[in-house]
Every structure is written in structure tokens, then in C-alpha cells.
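Note sheet for the following structure.
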């Protein structure tokens, strides 16, 4: 259970106080504010603040008061045009601030996205909670045989049990020893900044993460993708639902052009045109490597 | 006059519509929203949106739900501590979006601050307005004799008149010719993206500029400084007033530690300690160059 | 003539002194170093320094000493894989430093790419040269009728002559007055930081620009594109030739996947698959807007 | 022992091949290239490449060919001037690429510096080595009593032994189980991306890290500081030695103005001036909080 009664009371208090503002507001986001969207076994995503809406994107694209830009074009069309032509700056005019609780190994992937603002819970300064990510049985996957960086079939029987037991026992023991080393009961007590090194990568941390919509879309394209590791993908999917409520027009364009869109190489485009003219094209005549051809076929065959 | 009646009507409309929100609001900023703060002869700064307040800085520093961080310390003290020790990430949790109208040569200085989001009025796409910055007589300064990069005394008499006349006539003529080249009246009409090259650097442009508080403070430290060029300093000063209303505790700390603070070198610190012990120190015994010694004396003498 | 005899002598001196290094070197880049590649009427691009080569990209991808990564795959294949799957960080391991001389209106577009290091010639501090970009007759284009942001046919006859005359005369007069205002001959002399505001956007400036290969590719994708303004495109094209000599494998992948590649939306992909199955698809049955359908047809028809 | 014989052979091979270049070279850095500077019990820092030298900073500041900038001033003086006045862009013209091996909890602090390029060894893709940081006995410190975020006295006797034993045993067991879960011997074998979650934060990782000199100085100011955690400070100190050999003038200025320099608030400066005029100032009459006064006294008393 990721949210304690105390935390829930705090959330209720935050949601209880409404104020007047002249800024743009989005009812769909007001409904999300402060609430914890549960992810994995102890994680969550909470929207703490947001700036802008679909209109803010349009407004930035038109740069207020500009004359030549008053072409008759509706907002959805303009937003689709911006997305299609990689005009990224108008999407940067929207900003979101999140509170995220997540396992450390997920946090380490997440932080590779550098264009964001982060304040993480400090294990130098504070003591981490006894909370560890233990995969659900249906996520306990074997190493992929095709892909060095992927998962294969789900582990079964004794092997699955043994893995779960090891993960649980090692986490528990590591945390017991963490507390034992920190304890000042009859001893000096190890410094927090040192004791934390005993904790495994499935321990939960938390942070405030603030990012603009363009960079959030970039994050979602990579992390909500089918090839992303499951444990970060579930965070990305939770965020997709939030973004769809925040900027519905931009999110629809993102789904069409980024999540559902594909990139073809010059070589792939040439093959495609030949196929549309009725020519038979195979890997040999495509000029592609085996891997590229497989990916190309997957795209056009669906 | 920077604001036309149409624009004022638009501002009034934006200010006329109040909504409910669960987000943090700042009454002082609500009062600023959309209004045009006039700067120079045709420029302005308008607050279009903001995210966060002093509490958001504190909250990020404490990272919500952290235990070790619940030390009894009031918000002002914590914010001063963060500023003093260069903890910049909590200040990044606040964000502001501005609409700015400014001469091109000011925009060129401004844009050197790269950590911000910008959407500028496009002169490839649209036609610029006939508005040029002409310095007020008390800002028509001579080249400094001491400083390659500074101003000396104010120009006077005929020279001042001649300069103002040249600036005015050249601006007017450049714009007349811009329009003449663009005109499709009895001719093809030059492309906008080419015609704009005839306009001088005192023509006004405008943009949306969105930045986090940490980077805004960095901008203000450099641009509200006495050594900044007057024409950008007046924008920075207008922004200082806005920020003081937005995050009063953070702004007070910024004034004390950054704007009013000084940096001493190891060498300067050594001199200072010797002086406090009663020793006479001069340039020779300081180990400093003439320039450094002059700057050091200015700091300690006030 | 962009390069003066003095400058050429300086370049010759820089090219005359060879040193030993243990770092990666690229013969093709050594041949470029310091030389001025002329662009437009007075501009140039010079390579001042570079870091890394194709192997540095491969090495970063494999992160030296890693075991699982020793799969047998040649460098070209790995680089193509990285480009195809948007793995951008290995390309960031290469860096280039350029000296560029360019008109101010081109510099203003260029600087919108924020992830780079820049040191520009300061017109607050120094006096700009009397050099202005005047388009060649075949680049004196009319405003496009289809596209607010594009060029149409080349201007002809009297109109062309008049435009060229206006551009030349206004530049000359603006510079004459710039000098007149600056002059300290019998007068105080206006501050440089003010006098520069009289100069039009076709005056040349120069800067050092340092960028990593990933961000350079992003710049080239946008600025070497057929829709980019001609005056920045010629700089991008000059850089493409440099990059092809620097990292030939990466550049070939960039050409195939980025410059020559295309992006299809989910909707476009669906149409394509239907067409490959023999179905007739037109705008109505595509679900696309007129603009999207036009762009889609252009892609598949070639 | 951080470097295996194989790795040493690779380093020797890299150092064995010298090439000609027209680029700036620094003999002091050529001596560092590829060599492993050992840090902690299994870590290292290796210089893989560098761009620029002290002259590159000067050259960027003067922006080649600029007239007004030819003031007679030697390189050391100009570099000191730039550092003193926070002119950061010339320092950005130098770049360094490092190969670093470091414990994960150090990597997590390090990566908070976002303005750099990183390629880290992937534990999704590859298998991590059995190497863990175990503090030397003189670094096994108790939690500070004054400072939530610091270390107190060194642990002694039985407590020290117990802590070391726990850290060693838990690391060993975690790695044994990591291998056991990964094993495909008579079982499917858990996916690498999952198995890694069992490893504690003292396991070693490695990365390529590329950064410009300005941002490296910022990193060093924070991480070579006495308040930084020991385990990252030793990396920063190793880097300080490298940088001193790379750009000796810039490093000397950095030492004087940043590492050895101090920041005084407006309030602190006021107190200082009063003291220099002979006035007795204490905390009460200073207007400072207890904490600020303590820090102020530490600065001026030395």
C-alpha cells in the first residue's frame, strides 16, 4: 500500500482548499491534483502543479498579437501541424510538476532524461523507508534469447519461487542491517550517507520532477514504448493518462505522430515506393541488413 | 505607446475571467497577470502564467514526506540557507511565463541565457511593426573612456541632436523601404524572410519567455547589475518587482546573497583577515593586480 | 572577399605547426582545420577543433570493458542501429568547434539551437566591420503565395534592381552613420553599445560555436532541409561536407535515416498498409486533412 | 585492484600509438591520456580525450579577429578577469572526456550535474562485475551530531568490525544471488534487467562522462569541497590534478576565486565594513541568525 493514512489526510487537505485564479485552468487536471496514482507495489505518481493547456501551445505558436499568423485554422489542426513538423518550442510552453515514488533502478533510467528539474529524497540526510519492489509473478521474466536487452517467457515453478524468495530475503536482510548500522542504541551509529550503500536497487526513493511538455513527450515516446523495461513503462503509461486529460489535442497528435508513428529510412522509403508500384522487394533487393529488413517488414505488415 | 486599445481590451478580457483552482496561488502575482509593465519607449513585460510560490521551494527542499528533514526551521530561514549554500534545485521548482516586447539588440543579449523556453515573433512569417527604440536624451551616452564596454557622460547639444536625428531618420527610412520591398502593389513583392534584413537592431520584436526561478535569478543577477547595459537592465528591474511580489522570501534572500552580496578571492580573503588584525595592506603587499586591488577596495570601502 | 591577407597568413601559421598526440585523429578533419569555407558573399565556416571520430561513437555504445556488448557486429552496422533507434548519447561523445562568420539575421535563427556553446563578437565592446549580406540576383525571391514562410519566383527587372539598390544604399548609409556617431573626432562619440542599434540585420557578425555531434545532426536536419531559409541552409550544407569527412559512418547513417528518411503518422501508416494490400485510398478515406494528405502523397509518390 | 592485466594491455596499446595533429595539444594532458588514476578500492578516472587549452579560453574571449579586444593584457590576467567576473562562456570552449569507474551511490550524486554527456555501462544489457566499495577503516564514520548530512568521529572497535562485516557479507551474498538468479544452468535464468535490482548501492558501475570546463569547474567547486561526501570528493580531487595539468592558468584562477574564495551577503559585507572601521560587531548587532553568524565568523577568522 503506497499511501499511508497520514499521507491520504494530507492529500485530502490539499484538495480541500480551492482558490481563485486568472490563469488558465484545466478541469481534467484539477481532478488529478495531489491524488496518488498507484504504480507497481509501492510506487505512485502525483500531479503537484501544472502550467498551461492546449490553448497555451496555440498561443505560443501564433505569438500573441502577430498579424500574418491569423490564418483561419482551428486549434487541433495547428497542433497537429506543429507536431508533424517537429516544431517543438510551442509545446515547451506547458509545464508539469510531479511527485513520484519509484524503485531506485527505475529512477536511474528516468534521470537519464536531463532536461527536467529534480529534487530527490536525500538518503544522506534522511532515512529511507522499508519498502522494496518485488515483481508480481507475471512479471518475473527470463532473459530474452533474441535480445540482450529484453525479457523472454515468465519464470515458472520452483525457479520463480526461488527468485522471489531471494529478492524478498535479501531486501529484508539488507534493510535490517541498514537499521542495525544506523542505530545509536549502545553504539555510535554509522553515518547515513554510508549506511545507505547497503540497500539494493529495488528500494523505493521519491522525487519531485518538473518538466515541460515537449520533453515529457520525448520521455513518454521512449518509456511508454513496448521496448522499454516494464517497470518504467507502467509509470509512463500512468503519465500518458494524465497528459491526455491535461492537453487532449496535443496528446492526440502525439499518439498519432509519435507513439503510433514510424520512421522510414531513405532506403526503406525507396523499397516502399517500389512495392507500391507493384514490384516484389525482398531483403536482397532492398539493400538492407537482416535486422533492418525485419524491422521494415514489421512496420509495413503491421 | 506600447499598448494599443485592442491589446488593452484583450488584457481586460483575460483579467475578467476568474476560475477555481486547487493549485498554489499568489495574490501578488494574480494582480500582475496579463498587465503590461511598460519598459523603454515601446516595450513591455507581461506575466502570462506562473507555477509555485515560496512554499513550493520549501516543499521541494524538504521533499515531501521525508522524516529527517522535519527539523524546526521556518520557511524564511530555510530559503536563506538554500540560497547561501547554492542549493539551486528547489528554486527550479517555480516557473514563470512572460510576454516581452523588446528591441532586437536587447533580445540578442537576452537570448544568451540558454536555459529557458522561447517562442519569438517570426519575421519570416509575419510583418514586423513600425516601432523602433530611440533613446531618451538622458540615455544618449558617450563611449566610456575607462571601459571598452561601458558608457561615459551624456551627449550634449548638437552632437546629441545629430545622433537622435540619425537614429530616427535611418529607422524611418529602413522601415519605409521594408514596406516598399514587401509591397505586392504592381510588383511581385520581396519575400518577408529577405526584406527583414533591412531593419536595424533597434526595431522591436516580441516573445514568450518561460524560465524557472533559479535561472531567472541568474539572469537578474547579471542583467539587473549596474554593469549591464541600461536597455536590458530596465527589463531586469521590471522583473525584479514582479519576482518580489511572487516569491517574497526567495527574493529577499536573492537580494541579500546575490544582488547585494560579493565574492572574495582567496587572496582577497587573506588581505581582509590581515586588515582585521590591524595590518596595513596596500596593492603591493596584497599580491593583486591593479585592477583586482581597485575592485577589492571598492568592495570593502563601500 | 571574406578572408583578408592578414587572416590568411594567420590560417597558414595555424596550419604550419604540427604536433604529436595520443588522441584519436581524423585525417579528413586535419585537412579542414582552420581553413575558411566561404559561404554567401562575406561569410565563412572554419573548423577550429574536433574531438572523437566514428570509433568514439562505437566505443561509447559498447562502454569500454563491457562483456555482454561484445556481440560480433561491425562499426557501420552498430552506428546504423544506434541512429535507427534514436540512441543519441553515443553521438554526443564527439564534439566540434567552429568559427563562423554570418549575417545577424542568420545568427538569430542559428542561436535558437540552445544546446551548444557560443562566444560571439561583441558589438558592445568592439566595432563591427563594414560588411553586409546582399543577396545574389538568383536568390532575390518573391514572397511565396502558398506558404507564409517561404519564397516564390525570383524577382526580375526593375523590381530586382530597386530592391538591390535599396539594400545596398541603406546598408552603406547605416554604416556611414554608425561611424559618424562613434567618431570622437571633434565630438564625444556615442557609446558602441548604443551606436550598433543603427546597423541592419544583414550586417555580418562572427562567433565560436561548439556543439556535440548529436545536436549538430539535429541542427543539420532542420537547417539543411529544403524548407530552411536559403541563407542558413548554405551554412548547413557547408557543415554537412565537413561532417562527412569527420565521421563518415555516422554521416551516412544520418543521411539515410534523418535527411532522407520520413516520418509517418499512425494514420499514414494505416493508409499505406491498405494501399499495399491493393486498396484505393484517397483523402476522404484516409481520414487526413487536405494538408496532411498532400504531404503524405508527396512522401509515397516521391 | 581496479585495473586488470588485460585492461592495462589495452591502455598500453592506446598510449603506444602517436599521431600528428594540427590541433592544440597539451603535453601535461598527453601524459595523462588513457592512464587509470586509481580512486577508492576499485574505482578509477581515465582521461580519454580533451579539446582546447588555456589559449582556447583566451581566444574565445577575444573572439578571433576582433579589433577593440586587442588591449595589451597577458593571458593569465585575462583568464583571472573572466573568472572574477563570472564570464563563463570562454571556459565552455574546452571539453574533456573521461572514463570513470565508481560505486552506484556516488554515480547517483554525480549524475545530478545535468550539463554533461554520459554513456553508462548498462546492467539491462550486460552483467555487472563482482566489485563493491567497502570503506577503509579510517573512513567508517559515525553520523554527525551537528549536521544531518555529515560525518562525525570514526567508528571504533567492535562496532567498526560489525559494520565492515555486514557490508562485506551482504555484498557477497547479493552478488551470489544475482549470479544464481541469472544462471541458465538447469533453469531459464532471470532477465538481467530484473536481476540487477538485488545489487546494493556500493556495487561499481562505469561510464564515459564528457563535460565542458565551465561545468566541470562547477562540479569541482561542489564536489571537491570539504562538505562533499568523502567518496565523491576523492574523485573530484583526482580530477583537480588532471585539470591543473590541462589548463594551468584557468585552474589557478579557479583555485583563487572559487575553491578558496568566499561569498559574503549584503548583511555580511555591512558587518565587515563596520569591523574594518573599528566597530565591535556580534551576532545581535549583525542582524544574522546564529547559523549565518557562525559561518560568517568562520570566514573572517579563517
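Read from first to last, the chains carry the letters A, B, C and D; within each, the first residue is number 1.
Simple rule for what comes next: contacts are C-beta pairs under 8 Å (C-beta built on N, C-alpha and C of every residue); 3 or more make two chains touch, one makes a residue touch a chain.
The structure displayed is predicted, hence computed values, not measured ones.
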By label order, what chains touch chain A and chain B together?
-> C, D
Chain pair with the higher count of C-beta pairs in contact (C-D, B-D) | C-D
Mean-CA-position distance for chain C and chain B (Å) | 29
Whole-Å distance, C-alpha centre of chain B to that of chain D, is 33
Express in whole angstrom the distance between the two chain centres, defined as the mean CA positions of chain C and chain D.
-> 35
Within chain B, the set of residues that touch 2 or more other chains is 68-69, 89, 112, 118, 122, 125-126, 148, 192
Chain contact topology (line, ring, star, complete or other) | complete
Sites on chain C touched by chain B in the complex = 103-105, 108, 111-112, 114-115, 118, 122-126, 133, 135, 140-144, 148-153, 155-156, 159, 162-163, 166-167, 170, 173-174, 177, 180-182, 184, 187-194, 196-202, 229
Chain C-facing residues of chain D, complex | 7, 14-15, 17-25, 30, 33-34, 49-52, 56, 59-61, 63-69, 89-90, 92-93, 95, 97, 99, 117-122, 125-127, 192, 206-208, 210, 212
Flag every residue of chain C that touches chain A in the complex, lowest number first.
-> 68-69, 71, 77, 80-81, 84, 86, 89, 112, 148, 222, 255-257, 259-269, 272-273, 275-276, 289, 291-292, 295, 299-302
